[in-house]
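Let me begin by handing over the structure; questions about it come next.
Per-chain numbering from 1; labels A, B, C and D assigned in written order.
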């Protein structure tokens, strides 16, 4: 082993490397553990949890698009109680930071979920999903309303001392305004980006391919947009950023770090190659050696404009 | 369940638009069960982005066989693979057919490409069970009987065999079916499976169907492949993990 | 010839078919006329014109991304005067509706451009580009500010009787709010979408690949997003929509019409296959015959949800 | 300027990473000028999305030749094309070298893949002009002398020929160059062209360079390929349409 330092910090959360598995693309860890040594990863983020179990949307939930995919899973999840009882014991076996992602339909539900989970020591941080197309308040999506995001951040902050990450919506004009209120209300970091709203229709039936009509676009198609959002936040707000969107290889990880990410999450790629995250960690190490980067975290926001 | 890079041995065009691909994959061949499937990455770049699911069609020694038709870009690329080209396979996936049990007579019902899993099924049960294979399609060019035994054919347009759908053909056999000693195994389009389900439930026939769904991962992490359960209203089953084979009683098709 | 009716109306503008060539992807028609019979097309839209000539951005201006490309041309154009003097005579030879796209740095410039062009009879309509990343007012992009869009629409409306199309920015939360003000202020139609803000970095130099840092993302990668934006407008506002974004074939045209487009524009595809638009028109006719569609415009907003 | 679908005759690997592709394209072969280029669509799907520009390397009867190395996905796909595979070519594009004129001595300066356009140039002028070809690269494996005449080599690491860059090699010849009867034709990386420009202007040498740029369309509609003009500050020139060949005096490199 070399003495390359791949570790990164996200506020008070220290990760052995910047590679996290994104919410909704790793389940609760079981399946992916058959392909990959979870202990090698920076962190894993759970599927969005809600207070009660959610059945999710009827089929069809996904469709492929050019260099991307749309999904409208509808936040199918086991709910906080079953998660604590049935999923945590499995995850406890591993020495990988667990980040709990929470999705809810009201500020109260966000708060209650967090409160119920925060004493579980296996959980190392929270990621609040304010950007899922299924979460509405007053007809507006939470994630597109800067006051709602400020409010959720403040209220959740009040009930946990663990690192608090807010996962931002890209479907806004200026994402940095949202990062700013997160910082102001005591959030520790932001994740950017969640999926972009998209749709796809069957031209013969004239019906949407996805039951929910709209889905969230992920995959390499969105990488340029995600990079621009991370760069925008990085230039305007002093807050750690977790970069997400279309990462397919180690070069993409480096690119996200250069534009401002402290760490990254891998999503759609897990479906295509669940062994990729572990390989990417190795490749990042090789890159550091070849490029004389002693501390990978030095890359963060190292862009030259 | 693992990922292997296996070389193509040959790609045969067995029908106008039907290909059988023989792949040397001892790892998969040694553990696969009939009715399971593989999730195949047809290109190393991101076009197409997602893997493509294919039933395991047959196994012979260290070789496995896929059967497919060209539908879109993925299958087009796959059909071009030649001897020695490597194919990135994730599998085996899903549960497969339960071929064990006391039944004496197996009725196989296949619609179109639904024939794909049955060469292996046939190979495994042909010495212990009586097999009747009913193969349906819209027209004669949809009829695929590769690797099947004791085949009867139905076509919607009457261009080959019985004029009608394959469930109507099954109905014609009803008088001769003893539901205590018979089990039905089926694969095909949803409309066919739905009609078959009604028929089997009405006639108290034990029946397993292999279902299809859009899929991203194929192994349970994306939640992209729900199918409604008849027993649990709070939760969908997953085609990729809980299926693709279900007892018709357990799912809403 | 069959008696299939491919014609469509955009307000009072009648086109022989819905296939238009998008602004910035056809120059002023000269080059593309070597590949394609312009008289077959529904319309061509000029490169964005400004009052004075613009030099545009220094290289590098474009970069390829997964199923897409980023561009930051910087509105390089000959300016209104040279356009009238040197480009119009060439375009006069053709019997294809010419739509003049205008980009400007202030409301006054939009108005003056339109005023100077409106008496030229070759110009059949105006498309106002409020969505180019290079057009700023008060630090905010025009296209992301609903009041600015309302204001530009009203002021330009006052100086021309020709059909007025506003080309909307997709970099907003709710594009239908913008379509609504366009309608309210007397615009005849909206074009959706312009490019999405994106970026791409060279990981070795740590510099942006594009001189302007950000570029506009176009191509098939953005098609699902563009479709969702068109559908959103179609469901909320009663105004003709010109669908744009990632069209690669006739199926994509039909898909845009189903979700609400009265006509479409083809952009990036022109670079790859300048003969494609003409082929697509033929294929649309074949599709109509095969699917018993007598009037192609019946497809518009024929979605079944 | 048109679009043709032309079959590959053969793809030769002439060097570790250098390929020469022979394509049967009578339409292009009959009208191409030396220094022009073609914009090639390497796949029918959208991966990669854009065409890839390549200089015309040589023409022989109805066949044209491309020379390229594998850089990314596009050239990787191109290198795999075999006899009979069709290639979608848009061209010919750009202006080409002006080989006419009174000059007696042609000096060709090529860096790395910058050798690509010179086999055709050489073929055309070899009977009427004296040719000196200076070919440079970082190391011996970058040296491509295919189709060139009277070649001298320079390498940055001294592994072959002159130890230094190709402009320094040219400098060594300065004493023997009569700038009234000599014309320089060059192609290579920007750093080399920049140094060459300085040298030629200082020594009053007539010099045409073939430049490169990122490109989308290749024929003037996207405005994606600007190059700064020395004579007109209000407007960029376009590499694809006004170039790719420029007199060094006319452009800022």
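What we mean here is this: a contact is a pair of C-beta atoms (placed from the backbone, for glycine too) under 8 Å apart; a residue touches a chain by one contact, two chains touch by 3 or more.
Computed from a prediction, not measured in an experiment: that's the story for all the values here.
Colleague: Shared touching chains for chain B and chain C?
Modeller: A, D
Colleague: Touching both chain A and chain D: give me those chains, sorted by label.
Modeller: B, C
Colleague: Going by the average position of its CA atoms, which chain sits the greatest distance from chain A?
Modeller: The most distant chain relative to chain A turns out to be D.
Colleague: Express in whole angstrom the distance between the two chain centres, defined as the mean CA positions of chain B and chain D.
Modeller: Chain B and chain D have C-alpha centres separated by 54 Å.
Colleague: Taking the mean of the CA coordinates per chain, how far is chain A from chain C in Å?
Modeller: 34
Colleague: Which chain C residues reach two or more other chains?
Modeller: Those would be 66-68, 219-220.
Colleague: Name the residues of chain D that each touch 2 or more other chains.
Modeller: As it turns out, chain D has residues touching two or more other chains at 46-47.
Colleague: For the complex, which residues does chain A have touching chain B?
Modeller: Per the touch definition, chain A meets chain B at residues 24-27, 30-32, 34-35, 47, 53, 55-64, 66-69, 71, 73, 76, 219-220, 248, 268, 270-275.
Colleague: Which residues of chain C touch chain A in the complex?
Modeller: 65-68, 70, 141, 144, 171-174, 196-201, 203, 205-208, 213-215, 217, 219-225, 227-228, 231, 246, 251, 254-255, 258-259, 302-305
Colleague: Name, in rising order, each residue of chain B that touches chain D in their complex.
Modeller: Touching chain D: residues 45-47, 73 of chain B.
Colleague: Which positions of chain D touch chain C when the two form their complex?
Modeller: 1-3, 41, 46-51, 90, 213-228, 234-236, 241
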